[in-house]
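Both complexes below contain chain A, partnered by chain B and then by chain C.
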Partner chain A sequence: MAARAAAGGREWRLALPLAAFFLAFFVAPLGVLVAWSFYDSAELRALTLAQYARFLGDRFTLGILWDTLTLGAKATLVCLVFGYPLAWLALRLPPRWQAALVFLVILPILTSVVVRTFAWIVMLGSQGVINQALAAIGLVDRPLRLLYTEVGVVMVLAQVQMPLMVLPIMATLARVDPNLSDASSSLGAGAWRTFWKVTVPLSLPGVVAGCILVYAACVTAFVTQTLIGGARLIYMPLYIYQQATGANNWPFAAAMSVVFMIAVLAVVYLLNLVGRAARGAYA
Partner chain B sequence: MPPGAPAAMGHSLKLEAITHRFGEFVAVRDIDLDIAAGELVALLGPSGCGKSTLLRIVSGFLAQSAGRVLFDGEPVDHLPPNRRGVGIVFQNYALFPHMTVAENVAYGLHARGTPRQAVRARVDEMLELVHMSALADRLPRQLSGGQQQRIALARCLAVQPKILLLDEPFGALDKNLRLDMQIEVKRLQRASGVTAIMVTHDQEEALSMADRIAVMNHGVIEQVSPPTEVYDRPSSLFVSQFVGTTNVLPGRVATCDGARADVTLADGTRIACEATVRAAVGEDVLVSVRPERLALRGAPGDGAIPATVKVVLPLGPVVVYEAETQAGQPMKISAPREGGARLLEPGARVYVAPAAPDAARLFRPAASRAGSSGTRAAS
Partner chain C sequence: MRRRRDYEALSFGVAIGVLSAVAIAFLIAPTLILLLTSFTDSESLKFPPSGYSFRWYAALLEADQLLATAWNSLVVACWTTVASVVLGVTAALGIGRSRSPWAKAADALFMSPLLLPALAFGFGALIFFNMIGLVQSIAGLTLGHVVVCVPFVLRNSIAALSQLDPAMLEASESLGASRFYTFRRVTLPLIAPGVGAGAFIAFMSSFDNIPVSLFVADARTQMLPIYLWEIIETNLDVRTAAASGVIVVATLVLMILAERFAGLTKQLR
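Moving on, here comes the complex of A and B:
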């Protein structure tokens, strides 16, 4: 007994390697980043708030931050609108079809970012598959501009991050007692009412989790934003990258990173509050 | 409608030749059942015999492979569940976890587009009926099992269903609460005058609550009768064994004149039986006698079976003797325990005889019974 209790008291040591890893490769670089954001120039001579003042006083950079945050919101919304029905449908399919659908949804995760982004470039181009298809069925007579537009970026981000939305929603939907929808319809509610009054509220925790994951992934999706957005559309990750490596202005890049991080965390926190409020009602 | 007063006359339910197959497997076979308005019928049967399947067909969640469901003589097979007017109380209650007690009860009324004012009045009335007015603002998870069940009932009855279905409504309750809720449900069913089917595999529950009991086995209804009749005059060996306990004694028909038969048991004694089937002389049959319908005698006599007492179980008001005949056949006999009277000792020689001419009933062995259903054995 005593030996076991002693061993139990020392179990925290198992977490040491992970803690060390975290400290060395996450907390320390983050600390360096924050520290650099307070320097006045790349030579790191004096401490100042000048970088923050420059960021917050510059309409161009603030515009980029706003574009990035709204890009994430739009992509998340598209993911939700397509992902929720997909998750709902998947749970009603026979097991074999369900497995096939889930596999299709997670397929983007299994391919390289660069490969699937170039595939999208082929799809979205003015002679691409989408435009040819639209022209063939007569919906458009001139090719739509999709590549290097925000619409294109949102489409690609939504497709790529879809599994992050579908899987959490499926997990919560699967836990909803099927008797509840039977109870609802035996009480006289139609399918639509049952869906909105019972199914949706009970799956909100999954929706919130999915939105947080997708949002965080979309605003930081450097490769997709850059390759699909092209040179004209600039989002925070690319801008930070340009400032750091191109302009060699590390302190400014660091300050932008910090502001960007805080902005994203604020959005995630808000989403979490929504989730908490929804869950608080019945968890 | 004031609480406690009977609602508008209940609705009658008729099942006509209902059969349901899951693939090759016949879950419910050729079921005919007539339930009068305001009646409470218990569906009693072992696990997997098709009780829930039958309820799902009545409620419209499952379309039967063949047959018709009629409410008040009108077929309802084309109506989806939300337009059938069937209320269901699920075994796990299925209360909406994100809504308060009052919102749960109001749900069906809102779905029917009842005006707000009327909804509030009706919810108050229903909560009063189930003695839950004080807890209107609680969430289901803040209620005990019995309270949740009352709300499930109130939610159902609020929309005045034509038919009330209860699928093992007491399964999740402990024994004391069970009894309270059985009385409560019976009271509410009477008060609202709603026609009800209650599924159970607890025979005591069926015997105590139902106006009639339908005993199911392997997808067929073996008997539909008032509780006392199911117990006293079971129409099949299965019913006699499933409802209450009984002694099953193998024997051979000596004489048979339609309603009565004499059967020679393994040890050579003859026993007079009610014949539920027309048995041929010389046929191997089974005789079923309930323990309390056997009498112990001290001396041999007409039709008495010699036996030796093996075990004596004084169970409060009755004493149960386990005895063995000379052919090695075990038998249970239960007798009222009179105060002061001495019990028999193990090893005592006794003579066992049916207490009345209709105590023993003759059945054919189950295996040779024609038309038995269920291609797979029930668990």
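Moving on, here comes the complex of A and C:
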């Protein structure tokens, strides 16, 4: 036992290979990216803040950053509204059905994003399934414009990233003691009251984890944004890509990447704070 | 009082039911419609198709560039999975059961590729690989993919390790087994399903990776998702639907296998 405890103290060394790998191929590339963001131009490598000044002084780029951050928030919200009931329902199904539902939920996350987005192009077009269905039940007399609109992008992002929301919520809901909601209803609370006052607060850590994953995935979802958004709706990933490869303006693209990263991390950090506050309040 | 509670229970049930039903339809419909459309006999992607045929699947066999990019993606995904499993499982053994702040910090670092905008990392990787002369190679692509795929293996391995009863390891060692023997005969078999599920997800997300490949790949090392994206952007070719159909079916088969052998849905819950 003593030998085991001593050996146990050295276990951390097993993490060294991955740590070295991350330093070499994750931290170093990000470091180089930050360094480039301070360059004047690709040729003239004097250190300046010019790229950041250009970014923060330009309403067009700031607008794109804002659109991207709010796009993520909208898609995350839609994901939550539909994903939470799905997770809640899944846990009340018999085990066989539950496995089937989880299978259905993870199927889309494992099917190629390009393929899923492509499927939506087929559905969203003016001759697409959705417009045909809406016309058939008489809700619209003219086809709705869904492709190349923000509504379309939000819808597709919410579908594409739904599993990232459902799985963490299921994980926390599964740990909630079912006796608590039984106690709540036997003390006279109705279904809605029990849901809002007992179930939701106890599952908040899962909700926050799901929101963080979905948000991070949505803002950087290059393919969905470009294919559904089309050429008129520009979001940060496409703009960075255009500046980096098309315009060959690496320093500016690097500065945009850094600002984008910081903005996304700030949102993730805020969501984390919410999660921690929730855990503190109900622990 | 009774009436009000009945009404509440009913409205709650209806709300949950409707939202879940929409969510389920939302999840399945695109894939189903795409699959049906890929069997069309016409030149357009109209749904429902006017007739069904295998012509676009047959056309895939002659799409040399598509097959070449699919091969590239497959090679990179295989190497990425091997490297992610080796690095991820060893790291999980190192930090999985530790409560020290260092282990927590390392865990946060290793999981951060899931939170950072992957596209920013992809661009950083382009600049970095350009500096060290690794750009546009299968090796560079693999290294970049490992960074974004290792978190899946790590997370699932740590979860599997936390389920492991330490008494088993102690029993093995008190019976005279060496640490390596204990690892090979006790730990590894017990965490294998978790590692398998993580490896499966790592493989799929490498095969599907856009943000890193977008910057690091070039015409010679073109990857399937990027190539498909380009085709869809330029001209909506029905062959894309057939290629998508192949990907969907392959994924489904792999998922059923993963469910059989690693209990995928149980590992992810």
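In this text, the second predicted complex is superposed on the first by the 270 of 283 C-alpha atoms of A that agree within 3 Å, B and C clash if a C-alpha of one lies under 4 Å from a C-alpha of the other, contacts with A are read in each partner's own complex, and residues count from 1 in each chain.
Definition applied: a residue touches a chain if its C-beta (ideal position, glycine included) is under 8 Å from a C-beta of that chain, and two chains touch if they have at least 3 such contacts.
A quick note: this is a predicted structure, and the numbers were derived from the prediction, not measured.
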{"item": "Three-chain arrangement built on chain A, chain B and chain C clash or fit", "value": "fit"}
{"item": "First, second, both or neither for A:Gly128, with chain B first and chain C second", "value": "second"}
{"item": "Contacts of A:Ala183 with chain B and chain C, given as first, second, both or neither", "value": "first"}
{"item": "Which superposed partner A:Arg13 touches (first chain B, second chain C, both, neither)", "value": "second"}
{"item": "Partner chain(s) touched by A:Leu213 [first = chain B, second = chain C, both, neither]", "value": "second"}
{"item": "Touching partner for A:Ile234 - first (chain B), second (chain C), both, neither", "value": "neither"}
{"item": "Greater chain A contact set [chain C / chain B]", "value": "C"}
{"item": "Touched partner set for A:Ala253, first chain B, second chain C, both or neither", "value": "second"}
{"item": "Which superposed partner A:Pro201 touches (first chain B, second chain C, both, neither)", "value": "first"}
{"item": "Smallest separation in angstrom, by C-alpha atoms, between chain B and chain C in the superposition", "value": "6"}
{"item": "Chain B/chain C common contact set on chain A", "value": "190, 193"}
{"item": "Parts of chain B lying in touch with chain A, wherever the complex brings them together", "value": "59, 61, 80-88, 90, 92, 94, 96-98, 107-108, 111-112, 139, 141, 155-156, 159, 161"}
{"item": "Touching residues on chain A, where the partner in the complex is chain C", "value": "1, 4, 7, 11-19, 21-22, 25-26, 28-30, 32-33, 36, 81-83, 85-86, 88-89, 99, 101-108, 110-123, 127-129, 158-159, 162, 167, 170-171, 174, 190-193, 195, 212-213, 216, 219-220, 222-223, 226-227, 236-237, 240-241, 244-245, 250, 253-254, 257-258, 260-261, 264-265, 268"}
{"item": "Residue ranges of chain C in contact with chain A within the complex", "value": "4-5, 8-9, 11-13, 15-17, 19-20, 22-24, 26-31, 33-34, 37, 45-47, 87-88, 90-91, 93-95, 97-98, 100, 102-103, 106, 109-110, 113-121, 123-129, 131, 143-144, 146-147, 150, 154, 170, 173, 179, 201, 204, 207-208, 210-211, 214-215, 225, 228-229, 232-233, 236, 240-241, 244, 247-248, 251-252, 254-255, 259, 264-266, 268-269"}
{"item": "Chain B contact footprint on chain A (complex, rising order)", "value": "177, 179-180, 182-190, 193, 197-198, 201-202, 281-282"}
